[in-house]
Every structure is written in C-alpha cells, then in structure tokens.
Amino acid sequence: MAKRKIFSDAETALAGVCFDGMTIMSGGFGLSGNPEHLIAGLLASGVKDLTVISNNCGADGFGLWTLLNNGQIRKMVSSYIGENKLFAELYLAGKLELELNPQGTLAERIRAGGAGIPAFYTKTGVGTVVAEGKPVEEFDGALHVRESWLRADLSIVKAWKADPEGNLVYRKTARNFNPNMATAGKVTIAEVEEIVPAGSLDPDHIHTPGIYVNRIIQGPSYEKRIEFRTVRPREEEPA
Amino acid sequence: MAKRKIFSDAETALAGVCFDGMTIMSGGFGLSGNPEHLIAGLLASGVKDLTVISNNCGADGFGLWTLLNNGQIRKMVSSYIGENKLFAELYLAGKLELELNPQGTLAERIRAGGAGIPAFYTKTGVGTVVAEGKPVEEFDGALHVRESWLRADLSIVKAWKADPEGNLVYRKTARNFNPNMATAGKVTIAEVEEIVPAGSLDPDHIHTPGIYVNRIIQGPSYEKRIEFRTVRPREEEPA
Amino acid sequence: MPWTREEMAERAALELKDGFYVNLGIGIPTLVANFVPSDIEVVLQSENGMLGIGPFPYDDDVDPDLINAGKQTVTALPTSSFFSSADSFAMIRGGHIDLAILGAMEVAANGDLANWTVPGKMIKGMGGAMDLVAGVQRVVVVMSHADKAGNPKIVESCSLPLTGIAVVDAIVSDYGRFTLDRNARSLRIDELADGIDLETVRAHTGITVLAG
Amino acid sequence: MPWTREEMAERAALELKDGFYVNLGIGIPTLVANFVPSDIEVVLQSENGMLGIGPFPYDDDVDPDLINAGKQTVTALPTSSFFSSADSFAMIRGGHIDLAILGAMEVAANGDLANWTVPGKMIKGMGGAMDLVAGVQRVVVVMSHADKAGNPKIVESCSLPLTGIAVVDAIVSDYGRFTLDRNARSLRIDELADGIDLETVRAHTGITVLAG
C-alpha cells in the first residue's frame, strides 16, 4: 500500500474522517510530542462537539487550547489540565465536560482499547473519587478497581520519522502517549518530521508498526514549544 | 549499579535465586530466542519441582526438554508443546502437569504480571475449555472471559545485547516472549550475545529498560538450533 | 476432480484485498502467500512477532533469529517490523488484522471452529489459534471437505473441542469455495471444483448447502 | 529553626539506597536529585517515559523532545531509556519503582494521602500521582508540617479528596524526619530540625507523635 498512505498536508489527510460529535485521541505530554499540524487541521475543519482524549489540553495559545478556544471541544478526557486558564473558565462556566483519569490509568485504558481488552483491574485510584461507581475487587490481598478501555474514531499522533508503510519511530520523551493512541483509533493519522524511504528504519526499532497507521503527513516545520525551559550554568573551565 | 549486574556465567548468576518448587519463566518461541546457557545452568543446579512458564517446552534434546528429561519440571504453563515426544510420554504417564493457554492470553497474562494488572478480559477462548470455571461477561456486545496475571520467582531471558545497566536489545523474531517475561519475574536474569559499554545503545531503541534486569551474563556461544530450515532456490542468473 | 493443495491455496488467495494485513496458518494456508495477485499488496503477520514476512531465505541467508510462527526460517522486507509476543497478540486481539486463513478439523453451522485437538490423542496445544479466531476481522478456513472416511467436516455442531465460537466466515475445501451464513446456518457455494456437483457437496456436508 | 526547602530535600535523600529506582515529584522532591550521596547510585524515573534522568541541560543543549514529568527540560545519561506512557506506568504500577518522593497537602494516621485537589478551587487533575502512590514500593512525603495558619497537615483522617489509601511510609517536613506507623496510627520521630522540640511537633500534628 505504501505510497497510498502518504498525504500532502493535514487538510487532505483529515478529509473524510471528521464528523461532529466524534471522539479524537491526541498524542503528547504537555506540548511535547504534539501533532501540531493535525491540530491546526482540526481547527481549520471546524469540526465540533468533540470528545478529546489527551493527557493535557494544550497551554494558553498552543496545541489543543486552540480547539478549546474555538468552541470545538465538548468534553476532555485527561489527567492534568493545569496550564490552561481558558479550560478553568469554560469548565467553571459549565461549557465543558471533564473526565479526569489518573495518568497511568489513562495510558492503560488507551493501550487496552488498542489491544482488545475491554476491562482490567488496577490498584490506582482505589478509595478515591476515581473508583466511585466502579467495581472494586480484592486480588492478592489488595483492592483493585475495574477500568474500561478507551477507543477513538480518530487518533492523531506525532512521530519523528515514518516510512511509506507507516512504521513510526519517536524521539526521546516526545514518544509519551503517541504509540498507545496510534493503536486505539479506528483511523490513525500520523504526522512526522521526516518521511524516509522504505528500508531506512531498522525493523528491530519500529515503535509503531505500520498496521496502526492509516495516513501520514510530513509537517513542514515544528515549533516544539518548551513549557519550562530549565537549564544549569556551564561549569567554569579549570584555570 | 552498572557493573554489579554483570555475572561471569550462568552458575554464578543463578546462585542464591533457585529453590525447589519455584516458578520460572523462560523466554523463547520454539528454540528461537532461548536462554540456552541459563537453562543449562538450571540443569546443573538440580533445582526441582519447577513450574515453568514458557510458550513451548524445547524440542527433543534441546532447551527446556533437558530439564524435563532430568525430572526437574513438575508443571508446564505453555501454549504449544507439539515438538516434544518426551512431554507426551510424561504427561500421559501422569508425571507432569500441563496448563495450556492460548498463546496471546499467555503473553498478555505475563505482560499483566509485570504491569500490576491482576485480571483482564479477552474474547480469546470464550466458549472453549480455556474459559471453563472463569467469569465470562459481555462487553460491547461480545462475551469476554476474565484471565489473571502470571508472575514468576525467576525469569530467564535471552537478548542480543545488554549494557552494564541491564538495558536489553533483542534481534528479529528472537524477541518474542522475552521482553514480557523480563518484567514479570521477582528476579530477572538476562543472557546476551554481547555486553556493550554504557552509551552504545540508543536510548530510543531499548526494548527492555534496565530496571527489569537484575543480573546479566554474556553467553560464550550460541547454538541457535533451527527447527524447520526452509529455503528457496536461488533464481537462475539471466543468461 | 477435487482441488489440490495448491488449487485450494489459489482460491483462498481470492479472499485477499489490497492493503490487507493477513495471518496465514500452518500448512495449506502458508501456501496462499504464493498466490497473492500481482496487482495488490498485502502484509503478512506472524504471531511470534513480525509484520511483513518475506519469502523463504536462500540457503546461505538462513537466520535462526528470523522464523515464522510455524518455526520455519523466513526473510524480512524493507518495511518489516519486529515486536514482542504481547504486542503481537495485542495487534491480533485488538482487531487490527483483516484476515486469517487457517486449517480446520470441523466447522459448525453457526461458525464454531474446532482445529486444535482431538481428545484421546496427544494434546499439542492451541498455540495462537484461539487468539486469532477471536481477534481477526474475518476468518477463512481451508480444509478437505470430508474426512478420510467421507464424513462431513462441516457439521450442525462440532463434536471436537472448540477453538472459537461463531468465528468462521468462509471455507475453501477441495470441493469448492463457500460462504458460511452463520445466521441462516447454511453454506452457500461460490465456486465448485471441476467435476464436483451440488449433489456431491450435499452428500458430504452436514448442514444446508445452497447453490449460491 | 524549621528546615529550608534544601534541608528538607537533603533529609529526604537519606531515603535513597544504592541501586534504587526512584520517582521524584514536582517541587522540593525534584531538589532531592541534588543530594544523592556520592557513594551510591540511583536511577531516576520520569513518568512521561524516561529512565535515567540526567542534570538540567546547558542553555545551548536544550531539547524540546526531552522533558521530565514537570515539563522541565532535562538531559539523558549514557544508560537512559525512553518508552511510552503505557510502558512507563506498567513499570510504576507493576511495583518496579523502589521509592517515590512526593509533595502532600494532608497525610492521615493510616497513611492516606491527599495531594491533588482542593474542592472549590480549580481542578488541575491528578496527573500521575494516584498511579505512583498505588504502585511504588515506598512513598515518602515532603511537605511543610503545618499549613500557613499553623493547622496540622498530618491528621487523623484526611478532609481533602484522597490520592491513595494507606500509602505513605515516611514524612520529611520542615520540623523533622518521621516514620509513619500505619498500624499503630502514630508518627515516630527520626530526626528533628534544630530548635524544634517534641512539644512543638505535637502541637502541630493531628495524630500521636512518638519520641522515636
């Protein structure tokens, strides 16, 4: 299939897969490893009433924040929406639904969605609001809560490199939720910094096998905004 | 910790971690990716009454077959023990217990053991002997059976390369169950073809992070027996 | 004349569609790889942890670290990927494989499949068969239509231990190509081998056979 | 005089043992990395998918693809590894991390921890805190002993929404270093800051305090 997976830009890659009320998974941790161009494509498409599953919801002015700001998001499923004042306003005004998940439960629910596991048990959240209304059962002397899978109509992910078959390789901590989400979308679109020829990626080092990727775009450039630039001074040279 | 994880050979690496009646996971699919030297070390140790979790049980004369032949295995948890006449004899004579698992259920149970997931639901095995006595429940319109995690006192795995921290990289289909089992042992010992210096492995391409590996040995040589050598003739050169 | 193994594999290959991800079982299903139409591309998955199986190796290219689920030596392609057993079955269980072509001992009217054990004979184990039939989108069975005594293998209800319930979609036998209508509990003929007629099929089939 | 943030971090570092895999929370816990004793080696995990966190980068080495769970730029070490969020929390949930050092709002006598939200104020989310306290082998809390009004934060029972139940093993506060005996529902003093006496601790603690 190869070349047929490659699309010219976010707009063409998103054509035909968006509909109001749909559920979208969006990779990234904070602003690291975000599918910048596909988010911009969703903004341009105007698709609305979205349920968005993403660890965070962008940051003021960036990433998923832009969809929030454009009134396209009905509900967020996240673990942390701290760096986002707009989110607070909309939520407190009752204009946004929020389902908070522990970050690991969120990741495992997504992994379960891709792996055909409709439910699993975890210690995380037992005795907290997270476990309210969910079955709790003892295993190996400890209480565990049952969590269910998460799946999406569309997953948008950001990788470093792709080959024409859709095999993906991520870079450093920009990997985060991306490979898990790639498995859990009915349709998965990946954007990458570089599409490399078949044979360029070592088959032992593919993070996301191409079976999970329906469409690929190469982003023209990446902003990769840093949220907390933290540095140390260079040690003085010995005299 | 680094260097302290490196042991000189199988015997020293296995010292202090073996006891009669223990449960051992052993990586490999057929004879591919088997921890050859650690199996030999178990044979030499004489540890007995073992429950061994491994997809197969070696093949006549090779791998786990040698432990079976030496009367050290009480029970196997496997998905396929076809290429093993000794297994058949011992099993039919009532000298060996066998718990058959669908291969994917086996892999997922091991992954769950390493990931702190005591139980999960899968469609695999519903309506078959595999589901007998297990809770069955409907999700998304289909019946699913509840399966439980598998953990071991010791996991022995085979990788291609390790660094001194215990980061592992596998090669081709010799990967198979090894990375999953590495996460599910109270103690995990890895044998590799080469221990490389720190910094030699790309952090983006580590298959098993060192946190899962307690001890490492470099095998002196690998037999890597092929079960079904299957080849095609070279095309004739055009005249 | 009933179809040969190669003819059955060739007919099973008609199930392949461009872009499909496919898992082929051991035996005749493995031969299907030889009959992929030249105008389509399919990617073969092997449940021991590989996507993109290439042809068998030349004698001097054999690599013991590169085998398929039948433990035969194979080769990789430029776009192949390797992964762990848990990841491989997550791919299978998660419904990402479009088609599995597998052997069978019995198929029931409702699509139940028995293909892993015969009680009283030595148990070999189900390997990945139960995961495959439960997880893939479409299951096609390739088998001889009747057993050696001429008794039907397509039956009202399986007598052998099941591999999966209501999973079979189509059957390619030495008698022909068939679609199983699980709701109507009947077998529809899509194509018959030369010299095999409806009568013959009905005589060796334990469920309703429709002329297609 | 109560301990400073640095002094608290230095005391929390006494919890580190050679060979430990450790997750450090945001704030004072992050400072603990500066006080790892020179004769031991620990490996720091970051729940966004990294094992082996190095120091903060030089200004010209900053890499936006390399951040910790607090979204700060960091560096890698020669033995670092990167992995997905699901793999990261499998590591945490599976009990492979020896120690987590975290901030807190309230700790109860039985080890219950509240550190993620205050009702009525804006909800930020629990991030990975619930997974960490449920999964790691030992949880050490670093926090001010009392709130700004002088009210105890170590209490019979938490009033704030919980992060986890019966999870806290030890506390380092500005008043000293303490072990929580969850069965006896009491706090044992391991070390006190200069000028802080048993009376002062008891006056600002909501549960039984033992002199150690």
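We call the chains A, B, C and D, going by the order they appear; numbering starts again at 1 in every chain.
Rule of thumb we're sticking to: a residue touches a chain if its C-beta (ideal position, glycine included) is under 8 Å from a C-beta of that chain, and two chains touch if they have at least 3 such contacts.
None of these values were measured; they are calculated from a predicted model.
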Taking each chain's C-alpha mean as its centre, the one farthest from chain B: D
Between A-C and A-D, the pair joined by more C-beta contacts: A-D
Averaged-CA centre spacing for the pair chain C and chain B, given as whole angstrom: 27
Euclidean distance of C-alpha centroids - chain A vs chain C, Å: 36
Where chain C and chain D are represented by their mean Cα positions, the distance between them in whole Å: 54
Residues of chain D touching at least two other chains: 76, 82-83, 89-90, 93, 135
Sites on chain B at which at least two other chains make contact: 108, 111, 115-117, 122-123, 170-172, 175, 203-204
Chain pairs in mutual contact under the definition given at the outset: A-B, A-C, A-D, B-C, B-D
Residues of chain B touching chain C in the complex: 29-33, 55, 78-83, 88, 91-92, 98, 100, 102-108, 110-111, 122-130, 160, 170-180, 207, 224-234
Complex contact set, residues of chain A against chain B: 108, 112, 115-123, 137, 139-140, 144, 148, 169-172, 175, 202-205
For the chain C and chain B complex, residues of the former touching the latter: 46-50, 55-59, 62-74, 76, 82-86, 88-90, 92-93, 112, 122-131, 134-135, 161-165
Residues of chain B defined as touching chain D within the complex: 1-2, 4, 111, 113-117, 163-165, 167, 183, 198-199, 203-204, 206, 209-212
Residue ranges of chain D touching chain B (in the complex, touch as defined): 18-19, 21, 41, 43, 45, 51-52, 76, 78-83, 89-91, 93-97, 135
